[in-house]
Amino acid sequence: MTTSLPYRSHYLQKIRQNRPLVHNITNIVAANFSANGLLALGASPIMAAAIEEMESVPALSNAVVINIGTLIGKEVEAMVLAGKTANRLGIPVILDPVGVGATPFRRQTVETLLKQIHFTAIRGNAGELATLADVEWQAKGVDAGEGSHNVVEIAQQVAKRYQTLVAISGETDVVSSGSRTVLLHNGSPMFPQITASGCLLSAVCGAFLAVADKEHYFNALIEACTAYAIAGEVAAQALKPTQYGQFAVNLLDTLGALTPETVEQYARVEYV
Amino acid sequence: MTTSLPYRSHYLQKIRQNRPLVHNITNIVAANFSANGLLALGASPIMAAAIEEMESVPALSNAVVINIGTLIGKEVEAMVLAGKTANRLGIPVILDPVGVGATPFRRQTVETLLKQIHFTAIRGNAGELATLADVEWQAKGVDAGEGSHNVVEIAQQVAKRYQTLVAISGETDVVSSGSRTVLLHNGSPMFPQITASGCLLSAVCGAFLAVADKEHYFNALIEACTAYAIAGEVAAQALKPTQYGQFAVNLLDTLGALTPETVEQYARVEYV
Amino acid sequence: MTTSLPYRSHYLQKIRQNRPLVHNITNIVAANFSANGLLALGASPIMAAAIEEMESVPALSNAVVINIGTLIGKEVEAMVLAGKTANRLGIPVILDPVGVGATPFRRQTVETLLKQIHFTAIRGNAGELATLADVEWQAKGVDAGEGSHNVVEIAQQVAKRYQTLVAISGETDVVSSGSRTVLLHNGSPMFPQITASGCLLSAVCGAFLAVADKEHYFNALIEACTAYAIAGEVAAQALKPTQYGQFAVNLLDTLGALTPETVEQYARVEYV
C-alpha cells in the first residue's frame, strides 16, 4: 500500500531556517557535488579531513557524514576521531560505506568504523548493505550489483545488528529502524548514471538528521530520502533519458527550488 | 560615491593575450571548478601539490595561489616551499585562508604561512579576515557569518599588519592596500550558494596579478574582483534565484565571454 | 587521405553491453568528471588509490587507468602495484602522463612507472609525448605547448621504445602502434578549454580497451579517440565558442547519447 508521508514535510523547511552545518569527510569524486548539493538544499557544508581538526569541526557542526569513497589511509584515523567526537557531543553521524563489498580493505575499514563509532544511520546501495549483513551479493565495484536476498531483510538485519537506522538506495529505497520499515517509491533511473549521487544523498541525510530531534530521526530519514528522490524525478522531467550531465545540474537546481508541498504531493511511501 | 573603474579595464585583455600560468595548491572541493574558471577566463591553470615539485612549478608559473580548504597535513609543508619560491622569484602569491576562524588548526596553519611567506594578496570572506585581524566574529564553518565590526577597518588592519593587499568578498567587496581602500558594489546573491566560488575568485586574482606590474597590483586586484562579480551578475540574469547548478555552469560561460567593455560598463567602484 | 573508420564501430556498443569496470587512479581535478564521463559512456568507474586495495581493485576490473595529475607522493607506490597487478592479470593499463615535461619530479615518476609497468597505451598531448620521446618541446605547465617536431614521429618513437600504443591528442589526434599510425581529424577547439578533458579521454580509452581482444587494441584505441572527439563536436554544435561550462555538461550528455551510427558517420580517419 503506497501512501503519502507519515506527517507533513517539515524538516526541509527547518533546514532552510536553521542552515545546519554538516561536516563531511568525503572522497575526491564527491566533494564538490556534495558541497553544492548541501548548499542548494539550504544547509551549510564543511569539508574537512585533517586529523588535527576532527574534534573542533564536529564541535561546530550539527551532523557528521563519513564517506569511505577514496581512502588513502590516513583518513580512517580522522574518521574515527570525528565520529567519536560526534558521539560524545550527541550529534548524528552518518556512514556511507562506498563499495564496502569490493575489497577486503574497505570491509576492514568499515569494521573499524563500526566498532568505534555508533552511527545514527548507514546509507548505501543494496550491495553495500548486503556486505554489512554478511549476505551473498554480486556487487560490481562501487555499483549496486544484484543479489537474490530480500533487501528489506538486509535493512532490518543491519539496523538491528548495529542499533542504527538504515537507508538502502535503489529503484525502491528501503528505510528501516529494525522494527519499523518503509519502502520509498520515488526516484529516477538517472541517479545511478551520475557519480556521487549516493554520496550526496548521504550528505542530505546528514542535513535532515541535523535538524531533527532524536526521537524523530526515523521520520527525518524518510523525508531526506523521499525529498532527494523527488528532486531527481523533477530534475529528469524535461530531459532525454541520456542527458546525464544536465541531470546533475538540474538536480542542484531542483534541490534549491524544492518545497515541502512538492515533497508531500509526490511522496510515495509504503509501510511494510 | 559609486563610480566606474579607475582606469580602462586592461588586465582581462592581458590575461587572454599572455595566458599566464597560475599554480594552484588547492582543496578537493575547488580543484575542478578553479581550473575550469581559470581556463574559461583565458589563463592556464596548473594544480600541483607534491612537495617534490614546489620549486619547479612556481618557477614555471606567473602566480601561485595557496588555498587551505581541505588540508590533510602534508600540504602545509608544500605550501611553505611554493610560497617561499614565489617570493624568491618575485611572482605574486595569493592566500585564501578558507575557514581560518573555524578551528585552531586552521589558524595555526595560516600563522605558519604568514610567518614564512610574504603574500601579495589575501582573499577571503569577512569572517576569515576578521580572524586575521583578531576581531570578534560569528563565523559559521567556512561561511562568512556575521559580526559588528567595520569590514573596511578589518581590511585595512590586515593589509597593514601583513604588508599585503586584502580583498574581502561579500555583498559588497572591499579591496584595500592599507592606505587605499575601495568598495565594489557588483556581485550576485547566488555566489555564496555555490561551493568554491570564493576559491575560484582567489585563483582569478592570481591570474590578474600575474599579468600586472608590481606597482599596479592594487588596480589589478580591483579589476579581478570587479570582473568576477560582474560575471556572476551576468550569469544570474536569465536564471531563477534557486538555479544554483545552472549558475555555476553559466559563470564559466560568462567568464569565457566577458569583455573589457562589459567590465567597464557594469563596474560600480566606490572610493572610501 | 581521410576515410572512415577501418571497420564498423562496435566497441562502443560492447561497452554498453558489458559495462566494463574501469579502475582509475586519478587526480583531484579529474576524478568527478572522469567518473561521470565513464558512466555516461556506459562503463562503470571505480576510483581507488589506497595501496591496500591495489591488488584487489584491479582484480575486479577490466582496465586500469593511471593518471599522474596531482601526485602527493604516496600514490606512485599505489600506481606501481596496481599496474603490476594489471600486467599479471593481463588486463589493459593506460598511462596519462599529465604535465610530464613540466617538472623533473613528474619525469622521474613516469620513468618509475614505465620501468615497472608495461602499458597497453599511453595517452597524452604532444608536449607530454615529446618529453617521453626526449624531444625538445616548449610545453606550458600541463598544457600542450608547441614544438617543431613531427608529432607522428614522436608517436611512433614512443610506441616502439615502450612497446605500447600511443594516442596523442590535439587539433589532429595521432594514434600509433609503432608500425601502424593514423591521424584522426575529429574534435573541437573547446576541448583544451575545459579541465580534465584529456584525463577523461584516457579513462574512455580504458573503457574501449577493456572490451577489446588484445589483437584489436589498436582499432579499439582509434574508436575510443574518434568517438570521444565526435562527442565533443556534437556537444559544441549548438554552443557559442566560449560556452565552456555548458560544453562540459553537453559532453556528458553527448557521450550518453552517442551511437555507433554517429561515430561511423562523422569519423575522419587518415592512414599515414
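For reference, chains read A, B and C in written order, and residue numbers begin at 1 within each chain.
Please note the rule applied: contacts are C-beta pairs under 8 Å (C-beta built on N, C-alpha and C of every residue); 3 or more make two chains touch, one makes a residue touch a chain.
Predicted model only: the values in this text are computed from it and were never measured.
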Practice item. Work through the pairs of chains, note which ones touch, and then classify the graph as line, ring, star, complete or other. Key: complete
Point to revise | Copies chain B and chain A - interface residue numbers shared by over half, same or different | key: different
Review point. Where the centres are mean C-alpha positions, what is the separation of chain A from chain B, in Å?
Key: 33
Point to revise | Where chain A touches two or more other chains, by residue | key: 28, 32, 72, 248-249
Exercise for review: Spell out the residues on chain C that touch chain A in their complex, using ranges where they run on.
Suggested key: 19, 21, 23, 28, 31-32, 35-36, 39-40, 44-53, 56-57, 60-61, 72, 74-75, 248-253, 256-257
Point to revise | chain A partner contacts - residues on chain B that touch it in the complex | key: 27-30, 32-33, 69-73, 99, 102-106, 140-143, 192-196, 240, 242-246, 248-249
